[in-house]
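Below are two complexes that have subunit A in common, paired first with subunit B and then with subunit C.
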Partner chain A sequence: MASSRNEDDVDDKGENAEGKHPEGNLLNFEPETPVESMLVPTDNFDSFEQEAPPDPTALQGDDNLAECQKITRNSSETVAEDPEKNGTSRSMSELSLVSDDSSEPQHVDEEVSNNAEWRSQEKHVFILSSAGKPIYSRHGSEDKLVTLFGVMQALVSFIGDDGDTVRSIHTHGTLFVFLIKGPIILACVCKTRESVSQITVQLNYVYSQIVSVLTLEQLTRIYEQRRNYDLRRLLAGAERLVDHLLIALETQPALLLGAVQCLPLTSTTRDAITNTIVSCCNKIKNLVFAILVGGNQLVTLIRMRKFILHPADLHLILNLVNSSESFKAAESWTPICLPKFNSRGFLHAHVSYLAEDCQACLLLLTVDPDLFFPLSEAKQKIVEKLRRASLLQSINAALAHPGTPVSQLGVPEARHFLYKCKATAQFWGPVPAPPYQTSEGAKRLLDQYRVLHHRLHAPSQPLKLLYLQDHAETMLGWITTGFELYVAFEPLVTKANAIGAVNKILRWIKKDENGLFITNAPTF
Partner chain B sequence: MAHDSILSLKYFYIFNSNYGQKEGEEAQKILYFYPPQTDLDTQIKNVGLTEAIIKFTDTFNSYQKCESLHTLKTRQLYFQPEEGFWMVQVLTVPTVTKVKEGVDHLEYQSDEIQDNIYWSVLEQVYRSFSLFNGTFSKILEESDLTKLRYKLASYLSKYLAKIRLQHADILDVFHGIQFLPLDKKTFLHVQTLVNLLECSFPRVQHTAFLYNDQLVWSGLEPDDMQVLYRYLVSSLLPAQMECELQGGPMPRQSTSFSALHYGRFASGPTNLQNTDIGKIPKVHLRGGAGSAVCHLVIYRALSATICMLIDEAVSLEIEFFQRLDVFLGQRLTKLASEIAEQCSHSSSTVPVESGAKFVYYNQLNRAQKSTVHLDNRRNGNISVPPDVLKILADLNADFMDRKPSTGETIVKTMNDYWVVGKLSNLREFYVVIHQKNANLIEINEEVKKLCDSQFKSIFFNE
Partner chain C sequence: MSGADFKVVLLGSEDVGKTSLMKRYIQDKFQCRPHQNTIGAAFASKTVSTRGRQFVLGIWDTAGSERYYAMSQLYYRDAKAAIVCFDLTERVTFDRAKQWITELRNHEENCKIYLCGTKKDVVDDGIKASAVAHERVLQYSKGIGAVYMETSSKTGLNVAELFQLIADDCVLPSSNERNESIKLHSSKKSSSCCLAS
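So, the complex of A and B:
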C-alpha cells in the first residue's frame, strides 16, 4: 500500500514521541480532518434519548426530503398492498417460521422455553407489538413462545402504567434489556458481557432494520389502524435481514465502533474509480447516493451535495447486500428506507455487482421510482469505463489481498488493534493473527474491545484512556479528539513497551492514511 | 451539578411467595413494607411485580440470582437472603433539569446509581438485622410469623430512618474494618490483657478490642466482626462519645478503688451499686461452629473499647459486672493511655508527595484503609470528586465480574484524574492521582512509590 503523503513530514512529527504517549503531551498523530465528510461523524453511543423518533416537523423543513417523501408515499402503499412485487419478499420461500398455518409438525406443543438448548442460547432477541403479538424471535419459533411474549408485554405495560419505563433486568450472568419504540417492543436476553447501552444500540439497529423495510410512516399507520396487527405478514423476508444483522452485530467491529472499513486502495486508484462513477452519473437527476462496496468494505461513496450518510444507514445497506445472494444473479430494483436519512419514506436502490469477474457491488440510490433504466444504463457505462482503465483489476487485487497482519507493521508487542478516525467515521484493523484467527479467539477479542469501548464511552463518565490487564491479554483504549485506538497486547507487556507500540501503530497509520481511509467526500 | 431530586429510598419490602398463595390473600406474603403508611394495594402491586420479574428471569436461567431491575425512574435491588425470602430496595433515580433548546428538560440520572454499592447496602441491612435478631427461619422456628413481622418492623423502621443512601460508595461494597497498627510491645500488652481477661472470666467466649473506631484485636470470625464493627462504629460508639463529651470522662465516684480509672460499661449496668444490670443486647453469631447467641457486654475506658461475648445461657448478675469492672478499670485505662501515646507519635505519617489518594481492602481479614475519605462519618467528606470516586466502584464491579486472581486497570478521566485499580491475592488497591500531563509510565511509578511507602510487606503483581 503506497502512500501519497510526504513521509518526511510524518517522521518529523512523530520523532520524539516515544515515551510521551499515551496521554502525555499530545503530539500530532491526529488524523487529517477532512473539510467535509461523507459520513456523519459518530462520537458516542446512541443513547436512549437520542434515539427518539425524529421530529417530523424538523424533517419537513428540508425541501429535498419533502420531495423524497412525496414520491415515496406512493411506493410505501405498494408495499403494503402487494408484497410480492417488492424486494423485501424475495425469499419468502426460504422462511419456514412466517406463515401462521405453519407446515411444521404440530406435535411439539410444548413451549420451547422448557428446552435446555433454547435456554442456553447466548443471545435471544425478541420483537413484539405493544399488544403482545409476536413479531420475531431469534431462537425458536415465535408461535411456541406465545406465553413468553405475553409475559414480556405484561411487564412492559405494567411498569408503563406507572408512567415509568422498563430498561433492564440484571441477574447473575444474564442481562435483559428492553427497548420500547412506539408500537414495538424489542427485548434482548443475553449471557454475554455486553453492557445495557451496547445492547440498546443493537436493539436500535434491529428496529432500524424493520423501519428500513417498512418505513416509520407505514409502521405507525398500521398500528394506528389495527393495534392487534400481525406484523409478520409484512415482514416476510425481513427475518433473514434481522438474523444476519444480529450476526454482524456480534462479529463485526464496524457496528461496535459506528464506523465503516474502507477497501485499501491507493488514493489515485480510488479517485479514478470515483471520477468514473461521477462522470457516468452526474447527468442523472435525483440520484442521492452512489455506493460501491466490496468484501464488506467501502470502495467509494458519492453523494448529492447537501446530504451525508449516517454510518448506521450504511451498515443497513451493507447488511442488505451481504444477506442477499440474489443480487449476485441479476441487477435489482429495491425500495429501502434509511432511518437516519429519512425514516418516513423509501429510497429506491439499483443494486448490482459490477461484473462476473469483479465482485464489488454498486448501489445507486434515488428518490425517483422510475429511474431503473437510466441507472441500469449508467451502471453499464461505469463498468465499461472501469474495465478499460483496468480499475476492475485494481479492485479485484484489493479484494483478493489477504489483508495486512499486525506482524507486517513491525509492532511485535501488539496482537491486534482497531483504529477509528472520528471525523470520517471510518476504521481500520489488521487481519486477526493467532491467537485470534479462530472463531472463538476472534469472539474473545471482540468481547475485549466491547469492554474497552463501553467503559471509554460510558454515558455517565466517558474516559480518555483505559489500560486493562487481564489473564489472556492486556488491553489499551485511548480516545483523543481525532481518533479512537483499541489495542490488544500480550498479557505481560510492560507499560513502556505498550506505549512504544502505540506510537508505532499511530505512525504507521498516519503514513498510510490516504490508502486506508477515504479522506475526501466526493459529490455528483 | 445541582440535583432537582436526590437519590432516595422509595420502598423497602420483604416478602415470601410461599405465603398467601390464594387469590385475595396476597397481603400475607408481605412481611415488611416501608414506608409503612403505603396503602395495601400499592404494596401488593409492588410485590407482584417483583415476583413476576423473578419468575420471568427464571425462564432463561434457572438458579441464578436475580439482582436488579432498572427502570427510567427507579432502581430496584433484589436480595434473597434465605430460601423463599426476598428483600427489595426500591430507589428513586436522581434527576436534574437541563435546558435543551430553551426548554427545561428533566433528565433521569440512572447511571448515578451503581448496582454493586446498593446491593451491598441491601445485604448489609439483612446482616445487621440477623446479628441482633437471628435469621428469618430461626425466628419462625422459635415463634411465628407475627413475631417475625414484629421484629422486622421494630428493627427496620429504626435502621431505615438512619440509612444514608446518598453518600454510599466503594466502602459500602467492602464493609471493611479499619485496623490500628501498633508496635510489637503495645500490641502484646493488648493481647496479654485479652488473654488474661478470657482466663479470669471463662464465661467470656470471644473478645474484641478497639481503639477509637479502629480495631486492634478480634477473636471473632471475620464475617461476624465485620457486622459487629459496623454496628459499633456507626451507631454505638458515636452515641457513647457524645454522652462522654457531655458528662466529661469523669472518674468513678466509688471510693472502694484506690487509683483513678475511667472505665465504664457501654452496654451493661450504668451504676455498679445498683442491682439493675441494664439492657444487654444479644447477638447472633454466624461464624465458626454453627450459630450461637451471645450477650454483648461492652466496656470502655478513655478511647479503648472491649467487647465481650458471653453465651446467652449464662445469666448475668451485678456481681459479675463488679468483678469485671475491678479487673478492667485500671488495666484498660493504662493501656488506653499507652496506645494514645504511641498513636500521637505515629500519626505524623509522611503525606504522599504526589497527592495520590488510595483505598485498600483485604478480603481475608476485611481490613480497609482509605485516604480518599477524610473522616469516618460517611457523609460525603471526600478528597476526590464524587464522579472519580464512582470509578473505584466500577473497577471493583469489573474485577468481581471477571474474577481474575490478579489484574490491573488504569483509567484517565476527561478531567485528567488517573485511577488505578489493582487486584492481587484477594487484596484490592485503588489509587487516585490528579496529574494533567503525566503518562502511563509516570503514573505507574507513582503507584509503585505509594505501595512501597504504605504497604511495604504486601506483594502486588506488576
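So, the complex of A and C:
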C-alpha cells in the first residue's frame, strides 16, 4: 500500500501543482478559543515528543544510569540512528545485525519466541528493569522470554557504556524502539508503519501507566534499595491496565491526537450536569477534580481553580475505568497517581457509576485520604439531583446514540475525518462507516491517519497541509493555529471537491461546536 | 458522616476471594472466573438486624495486591471487625493471614478478628486438598482469641452466618467500648473526628 502511494503535493508551503495556495480556497473556521481550558492544550506532536529523550531528573536514582547520563550529556551525538556517525553507532549497527539474524535461533530455541504465532505478532512491547529483570511482555509470558530480555538489557547497557543511548534500530521490515526511563527500560519491536517518534510516545504512555500505579517516588525508591527487584510483585494485577492501554493505543485515535472525545450533549444539558456536580461538591475542601465519563467519552470535568488536567493523565483515567469491571459492582476508593499532574504522589479517587440505570462513571479526585464518606455522600446527592432534573435520561440518551455517520453531514466525498480543537485538547470524528466499519478497515484508516499525522508533525520538516492520494483513499491533513483536521476521501476525489468538502466539514463542526466540545472550563 | 454503624474490613492475600465473599453477602451472587483484582478498595453497606434492632454494616473490601499494603492502614483504621481471609487450598495465604493478624493486633487493638478459610467448596468437591490442617487453624485462632469459619462464596456456605455473627458481636457491649447508647453517635462521631484530622 505504501509503495503505490502517489504523493501529490507535499511541501511545507502546501502548494499544489498549479502553484495555487489551497488554503486560499479553504474557509477559515477557527474554533472558539476559550479563555481557559480544563485540559492542557497539546499544541502539536512536539509537546509529546519532548519526552522522548530520557528524563534526566528521573535518572538520578540509579548510580549507573546517573553516570551514564553524565557522559551522555558530554557526548555531542546521542542519537545512534545513523550508523556512519561514529564508532559507537557502528558497533550498535553490528549488534542490530546480530539480534536480527543470528542470535534469535540461538537464544530462542525451546522458548515461546520460537512459536510461530508469537513471532507473527505485529507489535511486541517489553518492559524490563535496568538489571535485565523481566517486568512485562505484551505477548507471551515474560518468564519464558528471559533470554530475550537479557539481549535487550545487553544492547542498552553496551551502548550506554560508551555514553550513548540506544533509541532505535532499523532493520528490513522491523523497527526496534527503546525508551530508557530511570531504572526501567521499555522496548517495542514492530512491523507496523509507525514512526520512531510515534512509538516513543506510546512507550511513554506505558511508562506513565506504571508510574500511575506506583508513583515515581516508589518506583525510584524500590530500585535504589534493590537494583534487581522483581517489579512484577508490585504490579500484580496491573498488567491488564498495560494490556488495555496498548490495545487503546492501537485502536483509538484519541491517544494519537493527544486529545479526548466528549459525549455529545447540548450545551444547556452539559452545563446543568456540571452545575449539579459543582453545587454538591463546592463545600468539600481538597477536591481537585470531578470527572464524569461515559462510553470512553468525557461528559464533564470540573477542576480546582489552580489546576488543569493533562490529556495524557485523562487517558490514564479513562484506561483505568474502561479496564476495570469491578468499579461497576461497588463504590471504590482507590489511589491513583497522575504523572503529569504530580508523579510523586497519589491522589485518592472515589470511583462509582452513577446508577444501575445510568452507566456513566463519576470520579472524584482528592488529596485527602479521609474524604471517602463526604465524597460518597456528595455522589448520592449528585445522582438524586440529576435524576430529579431528568439529566440521567439525557446522559443515557447520549450514551445510547449510535453516533453520527459522515453521511449525515452532507459531504459525500468524505469517508471519515478527525477534527481536533487544539486549545481544548478535544477531538471529534464520525462513527466509522463502510469501508471502515470492520476492525480491519478501522485499523487501516487509523494507520492512514498515523502516516498523515507523522508527516505533518515531522520534527525535521513540519507541514501545514498534506494531500496524499493512493489506490485505497485520498488523505488530507491540515493544521492551523486553532485546529487539526484529518480527512479520508474517496480515492478518486478531485482537489476542488476535496477542498469543498473540507469547507463543509468545518462549517458543520462550527455549527455544532457547543455540543461536540466542552468550550468552558468549570471550576469548583 | 460515616455511612455505617460498624466498620468491617476484609483483608488477605490476593485471589483468596474477598470480593466474592462480599458479593455473596451483599448481592447474594457468585460469579465464577474471570475475576478482576480489586483496585484500591471497594465499599458496600448492608443493614442487619440483631437483638431486635437494625444496624448498618459498612464493609471494606480491600485489594490483595502487594502494592496496596503500604496504605492498608487507611482501610482498616477504626474497624470494629476484620475478616482475615485465606484460601484453604493455598498454604502461603494462611501464612500471610497470620501476618495480617499480627499487624492488626499492633495497630488496632480493639478490632475483633474473624479468620476465614475460603473456597470450602473446592475442598469438599475434592478438586484440591486442604493445604492447612483444620485442627491447626482452630488451635491458632483459639490462641489469638479469634473466631474461625470456613466459607464458600460459591455455595453460600457460612457467608451470611459469618456477617451475622460479626453484627451480633459488634453490638455486644464490650469492655473496650462504652455502651450501646453511644453506638449510633459514636461511629458517626469518631469518623467525623478522623475526617477533620
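Here, the second predicted complex is superposed on the first by the 436 of 524 C-alpha atoms of A that agree within 3 Å, B and C clash if a C-alpha of one lies under 4 Å from a C-alpha of the other, contacts with A are read in each partner's own complex, and residues count from 1 in each chain.
By definition in this document, a contact is a pair of C-beta atoms (placed from the backbone, for glycine too) under 8 Å apart; a residue touches a chain by one contact, two chains touch by 3 or more.
The model shown is predicted, which means the values in this text are computed figures rather than measured ones.
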{"item": "Subunit B versus subunit C as contact partner of A:505, first or second or both or neither", "value": "neither"}
{"item": "First (subunit B), second (subunit C), both or neither touched by A:213", "value": "second"}
{"item": "First, second, both or neither for A:124, with subunit B first and subunit C second", "value": "first"}
{"item": "Which of subunit B and subunit C A:39 touches, first, second, both or neither", "value": "neither"}
{"item": "Which partner, subunit B or subunit C, touches more subunit A residues", "value": "B"}
{"item": "Which superposed partner A:316 touches (first subunit B, second subunit C, both, neither)", "value": "neither"}
{"item": "First (subunit B), second (subunit C), both or neither touched by A:256", "value": "neither"}
{"item": "Touching partner for A:376 - first (subunit B), second (subunit C), both, neither", "value": "second"}
{"item": "First (subunit B), second (subunit C), both or neither touched by A:235", "value": "second"}
{"item": "Which of subunit B and subunit C A:329 touches, first, second, both or neither", "value": "second"}
{"item": "Interfacial residue positions of subunit A with respect to subunit C in the complex", "value": "213-214, 218, 233-238, 240, 320, 324-327, 329-335, 346, 349, 369-374, 376-377"}
{"item": "For the subunit C and subunit A complex, residues of the former touching the latter", "value": "1-3, 14, 19, 22-23, 26, 36-44, 61, 63, 65-68, 71, 74-75, 191, 194-195, 197"}
{"item": "Complex contact set, residues of subunit B against subunit A", "value": "49, 52-53, 56-57, 59-62, 64-74, 107, 109-112, 115, 387, 390-391, 394, 398, 401-402, 404-405, 407-414, 416, 437-442, 444"}
{"item": "Contact footprint of subunit B on subunit A as seen in their complex", "value": "19-25, 49, 113, 119, 124, 148, 151-152, 154-155, 158-159, 163-174, 176, 189, 191, 193, 196, 451, 455, 458-471, 495-496, 498-499"}
